[in-house]
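I've put the structures underneath this note.
The same chain A turns up in both complexes below, where it pairs with chain B and then with chain C.
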Partner chain A sequence: MVLPRVIKLIHSYNVPLYCQLRSASRSWIYKGGKGIDKGKGFSFTYTSTPDDKRQIPLSQKLIPEELESMRLKYPEFLPSTKPEHRNKIKTVLEHNDMLQRRNNIDIPEFYVGSILAVTVSDPNAAGKISRFLGICIFREGTGLNSCFTLRNIVDREGIEIRYDLYNPTIRSIEVIKLEKRLDQDLRYLRDAEPQYSTFPLDMEPELRKEGAPVPVNPIKVKMLPLPWSIDWFKIRYQHQTYGIEKMRGVWEYYYKRSVHNRHHNEYEQFDLMKEYRSHIPEDAQLPIWNKLSDYEKSTSEIKKKARRAKMIKR
Partner chain B sequence: MSFPGNSRLLNQISLLVNYARNFNTSQILNQARIGTFMRVVDNSALGKQAMLDGKPPKIIGIYRKPRIAELGTKVIVAIKGQKKKGVVVGLVRLQKPFVPRFDSNNMVLMDDKGNPLGTRILVPIPNLIRKETYGLNKIIAIATRFV
Partner chain C sequence: MSAFFKNLYNKRRTTHPFRWWIKRKADSFKPELTKDNQKFIDDYFQTNFSTPLIVPDLFNKSQKVWTPESRRVGLIARKIGVYPMWLKDGQRILTTLLQVNDNHVIKCYNSEQFANQVIHQDRYRYQGLACAIIGAESDHFIKYSAGYAGLFVEAGLPPKKKLTKVPITDDALLPPGTPLYATHFRPGDWVDIFGLTIEHGFQGVVKRWDFAGGHPINTTKWKRRPGAIGHGRRAGGPHKGKKMPGHMGRERKTLNGVEIMRINTKENVIYVRGPAVPGETGNFCYIFDTKIIEKKLTEKNPPPFPTYFPGDNELPVDLYHPDVHRFEDETIQFVETEKEQQQRRTGAKIAKIRK
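Right, the complex of A and B next:
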């Protein structure tokens, strides 16, 4: 698709300040070697003028660098991407409830691809407690509705369990291995070879330095032959599936068929209001991250002590 | 038929054919209902033989008013030309939070009195089945692992 140059120029110049977004969803995209993209709403290639001569500098940052990782650490604190589901009062009330829950239970930071063990009080289970260990393949939902799914293969049978993150029946969430993967949605492990989702249920937690950066596991998964249960190349929120090993005879085009990239017409991707509605601007994000960082500072010492006590008990 | 030197092209064609064969405009129904093929997960001779032959049991009746099998519902299946009863023990469909979702539709074979045909269940079964109202104590007794 070749677009007239005029549209691109308009797009770059006439952007009002409040519309310069650093989207939450775009930051998921992994660019090989570069890491997370640094706050560029639009790429610089649209204009020929240098940065100094621009009326509005494109790389304006409202969020300081310390708080940049917060939106990946606490994705459930962001309001919904659907504007019709957003409600300011509801989000404030929910955030208070979530922080209150975090006082009672230690909810650690984890990402899609890290290995977790969750113990739940279950009236049907023997001893009224059930524990499950697996790889986190998906995180969804916002606020109190946020949940995550664990997957493991036990006795040659693939099992997935979805957990509500803020459900009071959860007793503890342990991080066995803190890791990131290339994709934000690992549900394609259902149709991958079983070795990629088998973990022993008595796996021991990996020791990790405090404050160390979270490693990215660049593993590429070998898939089972077609047919699959779903076309896994069509994953939401991503332009491409990076974690699937390239298969023989499949064209390059198939790896890039995401739902995120689809447009009804060729001008839709330049609809500013559509992008504004579907993303959360920095102005709305900043107060949330400020509140969370204050909460972190006030409770960090207490939580450190609790974690040390747990380690000694083992 | 042979096309020398065009093995890559042939591969692509076969992939495309595979795509076309599985192309569907409607979403996949993961429900277990009348007509779905199940997987026997106990060590009964009948079930083992049926799975080895590649002729898995087919649901022909469900003891539940909306005829959609859920975890712990009793079903009638056609297996190797016989009519047998069984219990659904694992499902592929999307479940509520804290309830496991399995990679295959599993079932355990029973006779008419509710006694299991096998002596052991080879895969984990959900904790939900232990509910007293389900009345499946004989099947819980031969299970090896709960999830």
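Right, the complex of A and C next:
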């Protein structure tokens, strides 16, 4: 039986991290616990045949390989997943505002799991400046609404601050350690042992080469005993939690439990229009990435000089 | 009984068109035409209807003197979306984007002409007022009936998707065919917005009226119910107007007193403070000057009257409210006063001594 060809285009927040290994345009959902444990990577959902032996070949990719990483580098430039809230004119106006803000501040690329330091001009703080350092737990929102949360433990007390990415009171965003974790959502660190989310506030930044691939930290976190504040397995965007160490008294199927992966009936997974509405097609993505790549080329030399000047000052 | 009459004349959600109005849509939506005939119609549409036939004369383009008694025309807009902006204090506000797309004046009536047209219920509301009919978003005439397309012949325009009737004074009359822009208003003005709210269908009492409900424990049936209705009106039954389940949303509502924060002159987009403009994204809404007395227009700062006419000098792309932080500007920095500096130093000294 030849099943229909399905192309799934995935929004960056709903993507498990291992999807980066292949191209974004192909279709897959993570199939149980098979793939990663055996080192095979992801398997296709509807057919397990490789690409060469397919009767119906997959269509050509619209997005070139150079721009594939833009989806993960600038996730806030994608319009919202809800089709009711999308509008073409609104996105154009919003992107113009975002790029104008990026001229004034150097917003670096960072991911969930990398360590950041943010300085903000605060009217209530002493000296009108406040600085905070922590691990990036979560990124959410689209456009000017996009924000990220930092977590750290100061004086045995957990502190989390959520910053708007395009807030004009932010003076600088420093990347102190650039790396990825196994999960896209690290909010379970609230119920983990405190050693995993404590960082000294005067931490020095790590040097890394330009253009080098971003390393993945395969650390597995040891959680505190149950009960937790929230059941982290249920709330997750991913289909499985990879970054939690397996616990005594918890069955294996409990780690894989997720609401988003579940279908109401057998035929819902073949509903192409439902997927088309909930995801953003490549035709809509390509002009955004082209515009951003042009912007990068025009401003890359200016930003390099500014970064070097900062390093020399230290 | 008062509630009964209120619903009769200002209907909540059902408005049937009057029987003397012209039928809107054409009977045959897809006429079977050959390619040559189709091409002929398209060419005819582009040559005759792409731009207004009758360009309004220059004598009406001069600005008139605005008085506090005069009323201007409004605009028809589409709600595009919501996104945040920041003030110069660092405060975050939400703004809704309203696009004014292809607005034209189609017809105007004097106060004498309009007095004959007014229906009996509105005779006091529109006393001594004139009227302008405004349309938005022109469309191909083949979709509409011949009678409906004939309304736009005088203005020399293709038929519009949306029409409204706006009561105005005799000063503010405009010739048919004049375009209306988003710069009819200015940033800093206060405005009323009218529209249909989001429809939710038949809803229970928890969602519709924010009742608390009960406890979903084991075998109780006390979960999302209203509870006792009560013996009101001398044990005759519940009170009139008791909050109960029913149809929720899609009501005709106005938001009074909304501030304009920014205007994009290129795309004709108005940025309005607050996310609570009625309707979903993509819905039509209508913008007028406020009726709130404290926020009304004054003689010191009169608006463009009867409308804004594009002059020789081009406006900048974005017009801002003075309180709004522009995204082009540098980051916000607060400066310490001398008092605060002294307090900070003394606080540090005291902390040293205590250690």
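Here, the second predicted complex is superposed on the first by the 255 of 314 C-alpha atoms of A that agree within 3 Å, B and C clash if a C-alpha of one lies under 4 Å from a C-alpha of the other, contacts with A are read in each partner's own complex, and residues count from 1 in each chain.
By our rule, a contact is a pair of C-beta atoms (placed from the backbone, for glycine too) under 8 Å apart; a residue touches a chain by one contact, two chains touch by 3 or more.
Since the model is a prediction, treat every value here as computed from it, not as a measurement.
> Please indicate which partner A:N217 is in contact with in the superposed arrangement: first for chain B, second for chain C, both, or neither.
neither
> Does the superposition put A:V250 against chain B (first), chain C (second), both, or neither?
first
> Looking at the overlay, what does A:I89 touch: chain B (first), chain C (second), both, or neither?
A:I89 sits against chain C, while chain B stays out of touch.
> After lining up the shared chain so the two structures overlap, which partner does A:S300 touch, if you call chain B first and chain C second: first, second, both or neither?
neither
> Per the contact definition in the header, classify A:I105: touching chain B only (first), chain C only (second), both, or neither.
Second partner only.
> One more residue to check, A:D164. First (chain B), second (chain C), both or neither?
After superposing on A, A:D164 lies in contact with both chain B and chain C.
> Examine A:S121 and indicate which partner it touches, taking first as chain B and second as chain C; both and neither are also allowed.
In the superposition, A:S121 touches chain C alone.
> Under the contact rule defined above, give the chain A residues that sit at the interface with chain B and also at the interface with chain C.
Residues 122, 126, 164, 167, 169 of chain A touch both chain B and chain C.
> For the complex, which residues does chain C have touching chain A?
80-81, 83-86, 89-90, 92, 97, 99, 264, 267, 269, 280-282, 325, 327-336, 344, 347
> Which residues of chain A touch chain B in their complex?
Within the complex, chain A contacts chain B at residues 120, 122, 124-126, 130, 132, 147, 154-164, 167, 169, 190, 226-227, 229-230, 248-251.
> Where on chain B is chain A touching in the complex?
8, 11-12, 14-15, 18-19, 21-22, 28, 41, 90, 95-104, 106, 122-124, 127-131, 144-147
> Of all residues in chain A, which touch chain C in the complex?
84-85, 87, 89-90, 93-94, 97-98, 100-101, 103-105, 121-123, 126-128, 143-145, 164, 166-171
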